[in-house]
Amino acid sequence: MYSLEGITKSIQDWLFLKFDPTLALAIECVIVILLAISLFAILGLVLVLMERKVAAHIQIRLGPNRVGPGGMFQTVADTLKLIMKEGLTPDKADKFLFNLAPFVVMMVGMLLLAPIAFAKNFQIWDINIGVLYISSVSSLSVIGILMAGWASNNKYSLLGAMRSGAQIVSYELSAGFAVLTIVVFTGSLQISEIVASQQTGWWLFKGHIPAVISFVLYIIAVTAETNRAPFDLAEAESELTAGFHTEYSGMRFALFFLAEYINIFIVCAIGATLFLGGWMPLHIGQWESFNHLMDYIPSSIWFMGKTFLLIFLIMWFRWTFPRLRVDQLLNLEWKYLLPISLFNLLLATVIAIFGWHF
Amino acid sequence: MYNQTEILKDTSELGTEGELVINMGPQHPATHGVLHLVVTLNGETIKKIEPHLGYIHRSIEKMCESLTYRQFIYVTSRMDYLSSHINNLGCALLIEKGIQIEVPDRAKVIRVILSELTRIASHELWLGAMAMDLGAFTPFFYAFREREMITEIMEDTCGARLTMNYIVPGGLMYDLHPDFQKKVKAFVKQFKAKVTEYEDLVTNNIIFQSRTKGVGILSAEDAISFGCTGPVARASGVSCDIRKIYPYEVYDKVSFNEILDTAGDSFARYMVRVKEMNESIHIIEQLIDNIPDGDFVGKTKNVLKLPKGEFYTRVETARGEFGVFIVSEGGTTPHRIKFRSPGFSNLSALNHMAVGSKIGDLMATMGTLDLVIPDIDR
Amino acid sequence: MMTQDEIKEYIFSIAPTVSFDETGEWLNIIVDATQLKLLMTALRTGKMQMDYLFCLTCVDVKTHLTMVYHLSATTHRQSMVIKANVSREQHSIETLCDIWRTADFLEREVFEMFGVTFLNHPDLRRLILEDDFKGFPLLKDFEDPINMIKL
Amino acid sequence: MFLKEYIKDVYNGVSSLLKGMRKTGYYFVHPKEIITEQYPDNRAYLNLAERFKGEVIMPHDENNEHTCTGCTACELACPNGTIKVVTKFEVSPEGKKKKAIDTLVYRLELCTMCNLCIVACPSDAIKMAPNFEHSVFDRTKLTKVLNHPGSKIKEGIE
């Protein structure tokens, strides 16, 4: 049986056999970094194409279909174009911050990659406070956006960045509470343990109503946190032209664009880990043969499948709903999502204490 | 709950401090053309809007002074390009009134059917663009699918999709396409089947409703005072449908309702337009099987000369009352021609409607005003 | 609803110097520029209630300019045309901005196209043309050798 | 009651959103509804309306004969000065002088496809053709001469 676990293990064994432990660790680090960067590049290409295809099919169009079979290389061509383009810096912009901002946003995405379990025992860093780490690091991305908005010396950018600041800070709360619900059930912050606790069934199914509610809340909150429609007020094309990245062009714009999709991937991966069992295959009660069949599908495919399902859901939102207004956005958070998630957390705690979940 | 006007009051004492002036347009995704708005903001709240026009001013009024009465009709297609047929109709009606040309019944009926098709096409485009202003991109494509059927009907019969120029003084340029009735019926069927889609996607959507309800309110008195016409005024409860008040062509022989609403907010304007599309379908259904036989153009002289005097006609375009005012000296060209365009008056109400609301509300207000910039600039 | 004669009588009672012209579709009232404001205010607030100014424009009749106001009422739907002559040299007339708000934009348009100055207009600036544009394009003697194409 | 209203609000809001998602989801899984026209590929079966006003042409028959008498009605009808008729006098075998066109210059870049010239033409010599691919690299190519070289007026057309 192929598994990523076997491959990583044999590489590690071989490295430690050949080199001394410090050097081996250093080489491992380099490999991980290279893998992470190439994952970013591939994800960017795939997700942009996926978004365009999903949008096109919803909008009764064909979407990209000229470059490569079925338009597969469209995003490659777009990236090439963006690399060749001149990256303009506006006059009187804060040049240092202006250039730094896209990298900050990207960096946050890279840091978030660390604790995600891509497959069985295939994880960069199984930190024991995994969930806490994710919620704290993900709130850093707002700094990059604020930086971009301020440094651009453009009023549209500034307005977009201010909106984004208010939005991300508020929606962090309900996203955090939704995550806490699962932590209460599991009793652990470690990603690997959260996944292991779903051996018998995903939390979405065995966590009763609170898990379902917190799943919905989580999806709404992360849609807002990643600045996706219907919460894309930071960009708000018809209001602020392009919001915080109005002044960006060329590769720096591409980094923002990439970061948006990486963020979607990461939040969806976390959602899949917490609520849909991560790389755990789907098991239904006593159907032994069915469960056995499911076990044959590799764990990495399970994980990717679940993640892309959530990504599709978020894309589906984007191409269906109109945008909210800035005060309605905050109303939604403070009047609806936060009270519901507080109540939901209470309910989950009661269920967890009495052990009513399966 | 806070009160928006209270916030305004607080900062107005600060003078110009805390003001943010942004130029919305001439290149902006939501202004649909080259409208330039200088928006003064306090945070996200709008304090003042100043339209700067003229980016697409072609001085059509001056241009028409050197064109003959047959020639100048086509120029009016370039004003409100979404209801170009109705603009042409308004000019032709004026010439026919001035010279007293008898228009055959067949031409009258066809003109009305095409006018209503134009109105539906215009409202379809508006619906898509309006949803896009509020951030929903998909309804745009669904609306354009239906609009495409209309433009194909226009292409078959008039030979052009947007600037038709199908009307000549005295009737029509040429007869209907043989497939016209069949295609219009197919369109009516398709439209009725698909109109529920807009309800699901846009009208009933909670986000859309909360974005438009209570936004950009215009009272009936203000609507009259600002000279607003069309769906904008009707949503405020002002009865101003030229087709009802001063019926032209065969509008007095068909039954249709003038859609009125009293709320005066963006949602009311939205609903008025959506219901108007259904009324237009109703008019088309009454007329499509009853196109009388006969000539499609009346007898006219080769060179048209309007008698000395002043003439005024008005027609109801998709945006409101379109008026043509001609001062004739008795020659072959008009001495002075003035187009009363509905968009110009509707735009003047924008500042009044949007002050005190958020930037997002400005998009909803501007979207429901249904501005066509060449119509405003002329 | 008032008959033509009743309207005439009513207008005579407000401004005795007016003259009438009934050749067109609607009743034309030619009023002196100085009495325009008085007449208009009375028409708007008096018993006629002409609340809808649907067209405001200017006509260059070579010897002088004529301001043309098309009035109507949303209640009884009677329309009338008010005309006031403005000389080409002096070219100033009272604004109607405070009676009908639509006059704001329309008068600004006439201001830049014909050069008529509206007294007491709150914001008399150019609306359509650029700020450094020379001349008044809708006047009959306007010449623009660069942009105007003569056929 | 406040709580009941609150829950009703949430329920109505969510159900309206789900309705919209059902509609877009329907189109996502029904690729047959796609209406995209892949333009340069579909040239072969692209059906333009026969009345489509694309450009003015002058039909010639197999003997290279047209029906234009050179009456300049189209030139007078044109609002933009698109058409210029240059006439000459032909001497018929009987020795009679007859007016005929030398060239009929048509400037596509000025044309607005208003169809007034076609309506004005007394002998149906010109008509609109449904061509719309007019782009060229050189602007001067848009000024066309409509009558073919060496063409004559058809017999019997006055």
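Read from first to last, the chains carry the letters A, B, C and D; within each, the first residue is number 1.
Basically, a contact is a pair of C-beta atoms (placed from the backbone, for glycine too) under 8 Å apart; a residue touches a chain by one contact, two chains touch by 3 or more.
Note that the coordinates shown come from a computational prediction; the quantities given were computed from them, not determined experimentally.
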item	value
Touching both subunit A and subunit B (chains)	D
Partner chains shared by subunit C and subunit D (touch criterion as defined above)	B
Chain whose average C-alpha position is farthest from subunit D's own	A
Pair of chains joined by more contacts [C-beta pairs], B-C or A-D	B-C
Computed distance of Cα centres, subunit D from subunit A, in Å	51
Subunit A and subunit C: spacing of chain centres that average the CA atoms, whole Å	63
Where subunit B and subunit D are represented by their mean Cα positions, the distance between them in whole Å	25
Numbers and ranges of subunit B residues touching at least 2 other chains	138, 145, 201, 205, 207
Sites on subunit A at which at least two other chains make contact	58-61, 319-321
Where subunit D touches two or more other chains, by residue	17, 20, 23-24, 35
Subunit D-touching residues of subunit B, taken from the complex the two chains share	67, 70-72, 74-75, 138, 145, 148, 152, 155-160, 163, 165, 168, 173-174, 177, 197, 200-201, 204-207
Subunit B contact footprint on subunit C (complex, rising order)	23-26, 28, 51-55, 57, 59-60, 68, 70, 74, 77, 81, 100-102, 104-106, 109, 127-130, 137-138, 150-151
Interface residues, subunit B side, partner subunit A - complex	20-22, 28-30, 44, 131-138, 140-142, 145, 201-202, 205, 207-208, 210-211, 358-363
Subunit D contact footprint on subunit A (complex, rising order)	54, 57-62, 65, 316-317, 319-321, 336, 340
Residue ranges of subunit D in contact with subunit B within the complex	12-13, 16-17, 19-20, 22-24, 35, 48-49, 51-53, 77-79, 112-116, 119, 128
